[in-house]
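Two complexes are shown next, each including chain A; its partner changes from chain B in the first to chain C in the second.
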Partner chain A sequence: MESVLTRRNIALVALLAFLVAFPYLYRIQPFNQVLDPFRTFQVTRLAIWLVILLGLNLLTGYSGQISLGHGALVAIGAYTTAVLMHEFGVPVVFAVLAAGLFTGAIGFVLGVPALRLTGPYLAIATLAMMLALPQILKLNGIREWTGGVSGILLSTPRAPAVVEGFMTDRQWLYFACMTPAVIMAVLAWNITHSHTGRAFIALRDSEVGAQQMGVNVPLYKMLAFSLSAFYAGIGGGLFVFTEAFMSPDTFDVNLSITMLVMVVLGGLTSIAGTVFGATVMTFRNDLVDLSASLGLLGLPGKIVPGEEQSSETLRGALYGLLLIITMVFMPRGFVGFVDELRGRAPWRRAARMFLRGRGGDADPALDATSDHAE
Partner chain B sequence: MGEFIQQVATGLSTGSVYAVLALAIVLIYQSTRIVNFAQGEMAMFSTFIAWAFLGQMSFWPAFFVTLVVSAAIGAALERFVLRPVEGAPVLNSVIITLGLFTVFNSLALWRWGGVPRPFPSPAVFDGSPLVVGTVTISRLNIGIFCMSLAIMAILFVFLNYTKVGLAMRAAAENPAAARMVGIHVGQMLSIGWALSAAVGAVAGMLLAPILALQPSMMFGVIIFAFAAAVLGGLNSLPGAIIGGLVLGVTQNMAGTYVSPHTGSIDITVAFVAIVVVLVVRPTGLLGREVKRRV
Partner chain C sequence: MDISRRAGGNFLIRALALALFAAGLLGAVSCTSEEDGGDGGASPGVSDTEIVLGTHFPLSQHLAAAYSPIATAGMKGYFDYINAQGGVHGRKIRLIVEDDHYTPSDTAEVVRKLVEQDKVFAVIGGLGTATHSAAANFLVERGVPDMFVLSGAAKFTDPVVKTRFGGNPDYITEGKILGQYIAKEHPDAKVALILQNDDFGADGERGIREGIEGSGVEIVAREAYESLETDLTSHVQRARNEGADLLVAYTLPPQGANVAKVAREVLNWDVPIVVTGVDATDIFISLAGAENAEGVISVVFGKQAYQTDDPGIQKHAEIMKTYGGGAEPSNLTILGQAMGELMVEALQKAGRDLTRDKLIEATESIRGFRCTICLVPVNFSDSDHRPFEVEVYVKVEGGKWVEFGEPVGFESTPE
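For the complex of A and B:
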């Protein structure tokens, strides 16, 4: 019998402990240099992005279906949650769950046209959905609920009386979003390591091949769409608590595109990559500013406080440039890049040459470690 | 009835611009299998270049100089940005063109600012509108329509009757075989991008007098151009034209006859139409299905 004290389990427990301790860390000496309640709030956002991006990665990374319209699903989740809570007085937990299920159902229906579309055609069809959604949310028939152009005013939840003294509102919000994020991440891990996950990957690599191996292609495609929509719905539901206001234009095409970019940047078919993508998504503006202030990218000085106009717009140009450079030099995303580095490490190369010299071309143990991106 | 014809005429004029931009998209897709999401921003950037030249010279010289500069930018992009990732998964090239989108948009905003600027139309297009019965069409609209037709005709002749055009098609159709008969495939891809950038520049310069020149000018247009390209079939040039015209008319019709009852819904109607067409014909109206071996 294997010991429970494997390196992996210890790492997981440590991670969990860190996540629990995180919102309190800013009170302690060395951490208060970089952390403050606003950082806690940013990490809360990160948790929400993680949920949303995990869903997108299930769809695009694992099942190979491009979606440029994921923001529309997030919007549906957010609106469902807000309407259920404000108009019908549904308790928070149920509202978010219902939003997830409702969005999941919509994803299932959207999977039907997607059965016949591939590649660029699917990209455009999902983009079309994204563009149409703001108009639909502003339609006369449902304006009474959605508030039309003027949107919905939201309120951040207050910490309940039970936890008073232990948690501020922001810390409460952190736990309220981090808990579902962790649950959804574990769920994603389990799905991708199950029969279903392997069916998704088979589907991505070759639909015909998957069919030959007995995968019910239409069913799994629709399942991928509805699972990913379920994640988007939950993420959208949580999103409601971190915003003061939302309107149909909160969820624009740019947001959808940025989401897809972050998933690819982190690394497709990798949960670790998705965590990385969610981190970049949350801190993307801070990151570009940081690299500019350090004089990286050869464009220092241009981005200085005070020159608002040029700072804002050059930030966009840098961001685009970073994307292009990343795709040229790290085509498999950040996680793929890290894997490659590890595979290139000198001792590993030496080991491989040694094995090859003895006639053993591929050592399964070596391959298993270097092929860590699932 | 008069209003109906009026809407068709206006729709055709809008649609012809969609068609020109869609042609630019199809030109790139045909040769490199890349959907260039930056097409609209490249067109906007070219229009700003034209505007800069307009300070030095009159309209038509500026027009042609802009075409040359845009073509050079297009070829350089293909050679230095897209070539290194040749053969990478579709998603990677999608992300790269999305990156180009941001770069061009931000550069224009940084260099020229976000304030809309008037952009002149050539003198031929000014003057009193044309009136036929109850239908009134502005000269600018007619001019746009005619220019679009001219572009289509030039492209048609170029691709069907010139040596370079035929070589381009060969390189797109079957790169390996094209190489064997001595066609420099890489050069053809660059020419494809150059041509596409120039065609996009024309679309930008046609639209600028109506929309006013600004970095966000193409946002509302490019998406319809994509839709037009997809509707017609991403690998069909005639399809792009038909797709553009159909979409222009549909959008105008929905705006006139449906929106007053429901709130603005023209985009939605246009896109529902596209999704329906795609579900029935997944490769668009005139697109050919490419069979792939497993």
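For the complex of A and C:
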């Protein structure tokens, strides 16, 4: 009985309730001060980024395979969905699932070169894939399906008649993306806490060691790629569903690199970290706006004279700096950093001692976000 | 044990209360029939004193320098100038420029923000083909006027969409005009096309082919390059090997300049070069070097910043100095002001009692409007949403684009 009533479970129920209520909150005081349908759209995007970044974290964080070409897999998923919906009139649910499976299969095949390539070489190979894909999509042979350079324009997604009156189109999209995102997050949590997840981590820490422990290295490597690609495919499918437009330029190298930055920033090998990364990914423009309005971006201009005008262009440098800071000072990402802080905070320690002193089991919430996987 | 259980109980009650609260909200708000999207009043973005407009541009990263002055100096500066004169029908124009990094997914996002959060009256001068494609349908659906799209892709104006108007000349029309020049001046030319591998290049090619139809001009080579390539040496070389004796470039200025430079400097090849109007900019000449650019042919619809004895350009320089943040007058600021002048003209015609429908109607009624810095008049009608269908040939002479000949083109708006 009490195992169900842990603080963590209750927190999860509350979170779920919040997620359900979120797209309606903007109509109510005082939430309408900060929320509007546009925020609902942004959080819908957040759900999609979460699915995509979860896949990248499974590959890069858990299995230690660096990929700079995740955007290519997302694009494949998006194109599969778009072509299925546009050319064959497949309903969106099946189109997205098929895109996930198809992209997963491609990921499995892509795992083959990864068996021979490690570290920077793998990164270069995946980067090459990212660079090649737009050209492939523009090939004349498949133009009939992909629409070449003009891309594919889908009809705007509408809420089905069943939910009319309860939801606007925007709210419908929110639920259509948030539901799979939550399912995929739970799935990722379960995978990483299973035999498979432990095999991935063994693989990351030492391939030889993993082999010694009886992990089938080639199989698990390809499985990691495949799972990651499955997430990318689903994410891409949801993306094109909400966006109703896909072109070869939609996912570029920059975006792929930004994804990797966000995963590292949030915390490799952490689901909570991925949620954080997806949040930053979604609101990164707002963050730059915010730091600009606070005058933070003007700082370089004050240091380097004559650079005032172009301080906005320092976004790329900002990401790089964040990445270096993360690597040096918070190797486990933001979530790991918070964890450490919490562990060190005096009141936390006191609380733990108090609970231990009373002979009770340690407060589960204290461990809730700590890194179970390690 | 005791403690955690008691705490758990409290939490459960709170969570239940929260869930109930949420359910209550759901029930309460689902009954309201209010439509979201901010189309509440007849004219969002219009108050007694203000008209709010929005646009999307790359303000950071690599393309910012190449495009952002159109919006941040040209359009904004001109609107501020108009505001200083008392605005349009007593209303000041406020332009919100959002940074989309020239990335389609970001454009989709910032345009939604403009419509739903900033509640703009209209979008003006949205830049880029792929980028604007990601937002165009959304704008149509919300009935937001999509004024003067800064993309030459023909798909934005053909077929005509009621709420959308083109900005710069479309590449098919422009290609036709250039093709006609080639057919007339080089009737036996063997042409090599150097094209950016996207809509821009494809539309240009279509226009050129239509322009040379029926003449002795032959296309002997077609070289497509990816927009990330900046060194086109191998493409120019292949064009020469194919026996071309005239180059046509549908490229952005850096690549176009590279073509001229490679042909003249590297290959020492004195071949006539015809480039898209996109390249007819000062930056093209400075990148290629005045020597290499000499004799390059293109088309323009606006005046050039160096024509400082022209009253329109003089005024433009003044406006940029006072209201455009001191921006140096260039093709970019001129293009921005041209879009601004068109918008102000449309708003003037729409009247004080401003609605989106009236703006569309007023824009369609614009005939023979010549902005102060344009070389050719603008005509719209309900079947023609293309502003510039007539252009003027220019040739690089002594490091400057110099007009020659009569304006050429196709006007689809009947008199």
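Note that in this section the second predicted complex is superposed on the first by the 307 of 374 C-alpha atoms of A that agree within 3 Å, B and C clash if a C-alpha of one lies under 4 Å from a C-alpha of the other, contacts with A are read in each partner's own complex, and residues count from 1 in each chain.
Operating definition for what follows: a contact is a pair of C-beta atoms (placed from the backbone, for glycine too) under 8 Å apart; a residue touches a chain by one contact, two chains touch by 3 or more.
None of the values given here were measured: they were computed from a predicted structure.
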Contacts of A:Phe41 with chain B and chain C, given as first, second, both or neither: second
Partner chain(s) touched by A:Leu25 [first = chain B, second = chain C, both, neither]: second
Which of chain B and chain C A:Phe337 touches, first, second, both or neither: neither
Which superposed partner A:Ser247 touches (first chain B, second chain C, both, neither): second
Which of chain B and chain C A:Phe283 touches, first, second, both or neither: neither
First (chain B), second (chain C), both or neither touched by A:Gln135: both
First, second, both or neither for A:Gly151, with chain B first and chain C second: second
Contact residues of chain A, present in both the chain B and the chain C interface: 131, 135, 138, 148, 310, 313-316
Partner chain A, residues of chain C touching it in the complex: 1-5, 7-9, 11-12, 14-15, 18-19, 21-22, 25-26, 29-30, 32-38, 59-61, 64, 99, 101, 103-106, 108-110, 112-113, 116-117, 130, 133-134, 137-138, 141, 153, 155, 197-199, 202, 226, 228
Contact set on chain A toward chain C in their complex: 2, 5-7, 10-11, 13-14, 17-18, 20-21, 24-25, 27-28, 36-38, 41-42, 45, 131, 134-135, 138, 148-151, 153, 156, 165-168, 170, 239, 243-245, 247, 249-252, 254-255, 285, 288, 310, 312-316, 355, 358-361, 363-364
Chain A contact footprint on chain B (complex, rising order): 29, 35, 81, 84-85, 88-92, 94-96, 98-103, 105-107, 109-110, 113, 223, 226-227, 230, 234, 262-265, 267-268, 271-272, 274-275, 278-279, 282-284, 294
Partner chain B, residues of chain A touching it in the complex: 60, 66, 113, 116-121, 123-125, 127-129, 131-132, 135-136, 138-141, 143, 148, 206, 208-209, 253, 257, 260-261, 264-265, 268, 309-310, 313-317, 319-324, 327-328, 331
